[in-house]
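Look at the two complexes coming up: chain A is in both, with chain B in one and chain C in the other.
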Partner chain A sequence: MTGSNVIIKKTKISKRTKKLIFCLALIILPLIQFAIFYIGVNLNSIRMAFVEFEGYDDAVGKIVWFENFKTVFVEMTTLANWPIMVKNSFGIWILGLVTKTPLTILISYFIYKNARIGGVFKVILFAPSIVSVMVTVMLYEYFIDTAVPELLESSFGIIMEVGFFKSPSLRFWTIFFYGFWCGFGTSLLLYTNAMDAISPSVVEASHLDGVGYMQEFWYVTMPMIFPTFKTLIMVGSAGLLLDQFYLYEFYGMKAYTDIQTVGYYIFKETMLVNATGYPRIAAMGIIITCVAVPFALLIRYLMNKVDPMEG
Partner chain B sequence: MWAKKDKPSKKITVAQVLIISFLVFYIVILLIPLVWGALTSLKSSSLELRDNMFGLPRRWCFENYSKAFENLYVETTFRKEPYYLGEMMFYSLMYAAVSALVNTITFYVVAYARTRFDFKFLTVLDGIVLVTMALPIVGNLPSSIMMFQQLNLADNFFGMTVIAKMNFLGMYYFVICTAIRGIPRAFSEAAEIDGANELQVMFKVIFPLTLGIFFTIFIVKFIDYWNDWQTPYIFLRNFPTATYGLWVFKDNTLFELPQKLAACLLVVLPILLIFFIFHKKLMGGISLSEGVKE
Partner chain C sequence: MMKKSAAKIISFILVLITLLGFGLGCGGGTEDNKNKIVLNVEYFDGGFGREWLENAAEEFEALYEDYTVGTKTGVVIELDGSRQTGQNVYDAYSLMNNEIFFTEQVLNYYDFVNKDYLLDISDIMTEVIAEQGHSIESVMDEELKQFYGVEENGETHYYAIPQASSFCGLIYDEEFFFNNGLFLTKEYDNVAQGTVINPGSAYIIGNIKNKNSNGKYYSLVTEDGQAYYKTAADENGNTYYLSMGPDGEYGTYDDGQPATYEEFFRLCHYMKTYKNIYPFIMMGDGAGYIDWFLDQLFADYEGKGEALKNFTFEGQAKNLISVDESGNITKLPAVTLNPEEKGDNAMITKSAGRYYALKFYENMVKGGAGGWLHPDWNRNSSQFDAQLDFMLSIKTGETKAAFLIDGVWWEEESKTNFKNLESAYGEKYKKENRHFKLFSLPKASKELVGTERVVMDTGYYASFILNSIAEEKVEIAKKFLQYCYTDAKNKEFTMITGVPRGFTYELSDEEYASMSTFGQSIWDMVRSGNATIMYPQSTSKYYLDRVRALQPGMYFYTKVNNMSYDNIQEVIEEKNISAEQAFNGIYLYQESRY
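Our next item is the complex of A and B:
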C-alpha cells in the first residue's frame, strides 16, 4: 500500500517535472531574447545617457554623469524648435482625437448597421492600411505635388508658386491630410468588430424599451465598445511622442522645422550622428520618457474614470 | 436612423445621406491618386506628363514594369554591384516570410506555455507584455543599433529575421492565449490518457485546432514585415528590401516617374493579392476584446 503510494507520488512528480521542462523549453529562448533586446537595450540606453564615447569603436565610454542631460536640457530650453516639436506632437494627437476618432466611430456604426453596403466600404477603407506606407507616400506626394497644382491651374486659374509640401501655410495640413487619407484602417476594423460582437438580444431589448438609433448608439453601442475605445486612446497617448508624422518618409532628413515632431527629431538625429552622438540622444530619450510615461498614466487614469464598466 | 439586425427601414435619414455622401467622397479621393498613379505608370516618360497629366497614356507602355526591374537600383557600400528591384523583391519575400514565421511561432509557443500549464511564474508573462505595450520608452534606438552591431546581428539576415523576431511582446500574445483557452482541457487530457507526450499534445491536438488563428497572425505579420522599410534601412542595408528601395527611388531624379510608379504598384501587388484572397479572415478576425475569431 505504502509502496504503491510512493510509486504514484514519484510518477506524479516526474510528470510535473516533465511538464516544467517542456514549458521552460518553450519559453526560454523568447525570454532570453526579451532579456537582451528589451531589458538589455533599455538598461544600455540608460547607461549610455551617463557616458561619453571617444570614438566609433568605443563601446564602453567614459562616465560623465549628468553632462549629457545638461547639454540636452540647455538644447531643449534654448532652441526654438523644441517647443514647436512638443506642440506638434501633442497637437497632432489631439487633432486626431477630435476629428478622426469620432468620424471613425460614426462610420463604424454606419457599417455595423448596414451590413451589406457597409461591408464594401469596410474593405475599401481598410485596404490602404495594408499597403506599405512608402507606396502611399509616393502616390500621394507625386499626385499632390505634380497633378493637383496642374488641376488647380487648368480648372480654376490658381497658380501655385510654392508646392503643397513646401508652402509654410500648407505643409503641415498636407501631411495631416495624408494621415486622414489612408489612416482609417485598423481602428475602423477594431471598432466594427467590437460592434459586431454586441449581443443582438441587448440591441433588441433596447428597441423594445423604445430606444431610437441615436440613443442606441450613445447608450448601448458606445458603452459596449468602450474597452476598444479606451485601449486605442491609451495606445495613442503612449505613442504620441514617438510619432514621426510620416516626415521621414516624405522629407528624409530635411523636414521643415515648423512641422517636425519629437519622434521625427529623435529618429532623424539617430540616423544623422555616429556612435559618439548616441549618448546625447539616450539622455534626450530619458527626459522625454519621463514626460511620456506620466502622461500615458494620466490618460489611463482618466479613461478608467469615464469607463462605464468601471465602478 | 439606420437599419439592420432588426426590422429594415426603407426611410433614408439625413444622417444616413450625410455619412454615405462622406464615404463616397472619401473613396473617390482615395481612388483618384491610385488611378492617376496606375495611368501615369503606363506613360512613356516624365516628359509626357507635362502636357498629358490626367489623360490616358498616348501609348500604353507596359514595358515600364519590366524596365522598373532593369533600371531602378539601390547602391550600398556592401558590394560594388547595385541591387535591382527584382533582387530587392526577393529579399522582401525572404525577410517577410522568415520574420513572420519566427514571430508567429514565438507568439504561439509562449502563449501555449502560458495557457496550458499552471506554473505560477507564468503569470509574469502577461505582466511583461502589458507593461511593454503601455510604457512608452523613447530614445532607445541608438542603444538597439549598438547592441545589434556588437552582437554582429546588424546587416545579418539570420540575426534580423530570426533572433530579432523571436519576441512575444504585443497584442497577438493575448490573441493566441484567448484562442487556446477556448479549447476544452478534456481534449488534451484524453490524448494524455492515450499515451501522448507534451509535444504530441501540442502538435497533434492543440495546434490543429488553432491553425486558423496561427495562419491569420502569420498573414498579418507577413504584410507588416513586407511593408516595413525602416528596419531594413537601419539594420539590413546589405539586404535592401523593395520598400526600402522605394524610399531611395522616391527623391532620385535619375529615375523616370512612370517607372517609379510602376515599381510602387509592383511592390503593392503581392500584398493586394493576399488581401483580396484572405480579406474575410484578416478583417473579420481580429478584435481587442475577443482576440481572433475563426
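Our next item is the complex of A and C:
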C-alpha cells in the first residue's frame, strides 16, 4: 500500500467481548436507574433524617442528629391516630392473608387444571391490574355508591341513609373489598406460572398413585409452589406499613381517621409539608423500617419453618 | 413449523405496533404542523373550561401565521387539559412535555423560581402593548405585583402571571328566592337579633312570582332621600322593602340577605320548617370545598389586614381568643409575629375568625330539626352531583336546596349539567334563563355589619412557561402568554367564565350584559367596591419555608383528644366534636407545623 492509501487495521473483537458488550447494553440502563432511584434516593432519605433545613432555599441542611427521631417518637407515642393506623395496616395485611391469598391460590389451581371457565376467571381477576387504578376506582365508586343503593332499595326496600364510603361501619370493608378485587392480578399470574412449571411427570406419577384433585393440590402443587407463596408473603409483610390502602384514590387528602393506614399517613404528610418538613418524614420512614424489617424477618423465619422443601 | 411461522408473524406485528407507537409519540403531529412552531399548552381542566383559551389560541395562530423561525413559519398551539396542579408540575418538572401552563394551586411559585424551573417573562410584563397603551404589570393588582415580582440584584423579575381570582361561597338562585319568598324585609333590621321569622310575618317577603315592568322582581326606589330595593307584588298583592344586608346599606346588591349569622340561621330555620327547603348542598368531603368556604368566613371576619398576617407574619396578631367548652370567649393579649422564624407564630391560629367560621359550620351541620343539609349530601357525591341537585331545585317534586357551596367557577364546570337539563326539561333550565347569584356572607355579629367584605383567593391560579422550552420557541411562547393577558383577553376570560382577574380592566354595559347573572354578581361584588380580594400569600421567609403547611385549605385541621383530623366534616358531623373543641385543637395540631 502506497501513496494516499490508508491502511485500516481492523481490530477483531472477540466473541466473549461482544457478549459482554451485549449484556452490558442490556443491564446498563436498569443499573443506572437502580443506582439513582433506589440507592441514591434511599441514601438521601437516610441523610435527610439527620438534618434540618433552614428554609425553602436550603438544599443541604444542618445536622441535628437524632432530633427528628425524637420528634417523631413523641408523635408516635402520643398521637392517638398511630395505634389506629398500625392496627389498620396490620389488620388489612392479615385479612388479605387469610382471605385473598387462599382464594388466589385456589383460583390459580382452578385455572392451572384447565377448568372450563378458568380463562374467564383469569380475565376478570386480572383485568383490574392492567386498567389504570383511577379508572377502576371510579368504576367501583360509582357502582358501590350509586348502583348498589339503588339495587338495595328496589329489591329489598333498604334505604341507605349514609353511603358505603361514608358509613362508619361500612367504609373500611368497602375499601377492603376493592383491594380484594384488585389485588388478585399479579399474584394470580405468579401462582399460575409457578403451577405451570410443575413437571407433568410428577403430576402423572401422583395420579398413578391414585391421588385426587384436592390431594394433588395439597401434596404436590402446594409444596412445589411454596417458594412463590413464601416470596409473596414476605414481600407483602415487608411493605405492609407502606400500603396506603387506596385511600388517596378514594378520599384524596381527607380519608377518615378510623380507616387511615401508616402508609397513607406518610404519603399524606409528605404532601402537606415543604422541604423543611421532609426530615421529619424521613425519620418516620426509618423508624417504620426498623419495625418492618424484624417483622419481615420473623415472617421469613416462620415461613422457612413450615416450608416442606426446607424440612 | 406452521406454529413457528405464526409466532414470528405475531412477534413482527407486535414489534411494528410498538415502533409505530414510538413514531406517533415522537413524531409531533401532522405534516402541516411539522413546518410550524408548535407550542404545547397545558391548562387545568377544571371550572374555567377551555373556551377562553381556545379562542386565544385560535386568534393568536391567525395573528402569527407569518411568524418565522428558521425553516418554520406559523404557529400551532396544542391545548392539553389535565388535572395537574402547580405542585404536581413542580414535582414532575423533568417529565413535563408541555411548555406553557395555566394551572391552579401554584402555592409554590418561589420553589419554582428557586429551582430555576421557570422562564423569565419580565420583558412581556413590562412591555407596553401598543393596542392598549400600557403593560400587563401596570394594571396588575399591587399585592400580586409584590408577590410575583422577584427582586434579583435590585431588579424586579417576573416568572409567572396570576390567572384568575377564585374563591368559594354560597350560591343561590335569585328567582327561586323570590318565588319562594326567602328574602328579608326592612322591618327585620329594626328588631332584636334572633327574632323568629314566622310565615306571614312582616320580616319576610311573600312568594313573588311576577316581575315588574323592568323585567325584574324588584326595583330601586328612592324614598325620603334613601334608596331601597322594593319588590314586585306577591301573590296577595303586597310589596316589600328589602333589608339592608351585611353591608349595612339599603339599595345595594346584598339587600334582602341576612346581615348576621343569627339572621342567616333564622332564615335557614324558616325555609326548612315552613317551606321544606333544605338550606345547603355541597359536594362530598374529598375536595376540601368546605375548608375553602370556611376560609371565606374566616377572612371576612378578620378583615384583610388581620387575615393577611397569617401569611406575612408581620406586626402583631391582635384578634386572638380562647374559648371554653361552654363557648365563653376570653380575649388573649396580642402576639408579635416573626416573618423570619417560628417564634410565637403558631398563636395566630387562635384568631377569632377561625372560631366563628367553625361555629357557623357547626350550625350548618347540627342546626335545625332533621338537619339543614340536603339529604343527597350524605352520599360520596361529586361537585357535579351537588350542582345538579341544586339546579333541579326549581323542578316540582325534587328535594330543594337553597344554597350550593361551591366555587366561583361552578357554572362553567356545570356546562354539561345545564345542557342535559335543558334537553330534558326545556328552555327554563337553560343557563341564560337561570338567575344564579353569589350570596353575601353574613357577619358574625351586628357590630360587624357594614364592615369591609373580604374574599380570599384560595385558587392560586397562575400561568408560566417552563425554562426547559426549546430556544426557538421562547419568543413566541412569551408573546402568546402576553396575548392571553391583554385587556381584551382579560375581559373575554371574565365574560366566559364569570371570574375576574387580578388586573384593572372594565367591562362595557354590553359586555356586562353578556355574562350570566352569576358572573354579573361576582363582578358586582369584587369590582364595585363591595368586596376586597385578599391573596393569601407573601414573600416572608417564614411563609415561603412552609407554604404547604400554611395553606388556607388546612386552617381547620385540628387535634382533639390527641387525635388529629384533616377533615372538619368528620370532626363536627360524625365525631360530634363541638366548634369550641375543634377551635382549641387547631393550635395543638398546627403548633409543630408552624
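Rule of thumb we're sticking to: the second predicted complex is superposed on the first by the 271 of 311 C-alpha atoms of A that agree within 3 Å, B and C clash if a C-alpha of one lies under 4 Å from a C-alpha of the other, contacts with A are read in each partner's own complex, and residues count from 1 in each chain.
Here, a residue touches a chain if its C-beta (ideal position, glycine included) is under 8 Å from a C-beta of that chain, and two chains touch if they have at least 3 such contacts.
As the structure is a computational prediction, the values presented were derived from the model and not from experiment.
Engineer: Between chain B (first) and chain C (second), which does A:D57 come into contact with in this model arrangement: first, second, both, or neither?
Structural biologist: In the superposition, A:D57 contacts chain C only.
Engineer: Check whether A:E141 is in contact with chain B, with chain C, with both or with neither, and answer first, second, both or neither.
Structural biologist: both
Engineer: Given the touch rule stated above, what does A:G252 touch, chain B (first), chain C (second), both, or neither?
Structural biologist: both
Engineer: Regarding the shared-chain residue A:G163, is it in contact with chain B (first), chain C (second), both, or neither?
Structural biologist: The second partner, chain C, only.
Engineer: Looking at A:L272 after the superposition, I want to know if it touches chain B, chain C, both of them or none. Which is it: first, second, both, neither?
Structural biologist: In the superposition, A:L272 contacts chain C only.
Engineer: On the A-aligned overlay, A:I175 touches which partner chain: chain B = first, chain C = second, or both, or neither?
Structural biologist: neither
Engineer: If you tally the residues of chain A touched by each partner, is the higher count for chain B or for chain C?
Structural biologist: Between chain B and chain C, the winner on chain A residue contacts is B.
Engineer: Could you tell me which stretches of chain A are touched by chain B in one complex and by chain C in the other?
Structural biologist: Residues 141, 252, 271, 275 of chain A touch both chain B and chain C.
Engineer: Flag every residue of chain A that touches chain B in the complex, lowest number first.
Structural biologist: 18-20, 22-23, 26-27, 29-30, 33-34, 36-38, 40-42, 44-45, 48, 59, 106-107, 109-110, 112-115, 121-128, 130-135, 137-144, 146-147, 150-151, 181-182, 189-190, 193-194, 197, 200, 203-204, 207, 212-214, 227-228, 231-232, 234-235, 238-242, 248-249, 252, 262-263, 266-267, 270-271, 275, 278, 281-282, 284-286, 288-289, 292-293, 296, 300
Engineer: Can you name the residues of chain C that touch chain A in the complex?
Structural biologist: 87, 108, 110-111, 114, 284-288, 378-380, 541, 544-549, 554, 559, 561-567, 569-570, 574, 592-593
Engineer: Which chain A residues qualify as touching chain C in the complex?
Structural biologist: It comes out as residues 55-57, 71, 75, 78-81, 141, 145, 161-166, 168, 251-257, 268, 271-277.
Engineer: Mind pulling up the chain B residues that touch chain A in the complex?
Structural biologist: Touching chain A: residues 1-6, 16, 19-20, 22-23, 26-27, 29-30, 32-34, 36-37, 40, 49, 53-54, 106, 109-110, 112-113, 117, 119, 122, 125, 128, 132-147, 150-151, 163-164, 166-169, 198-199, 223, 226-227, 229-230, 234, 243, 246-247, 250-251, 257, 260-261, 264-265, 267-268, 271-272, 275, 279, 282-290 of chain B.
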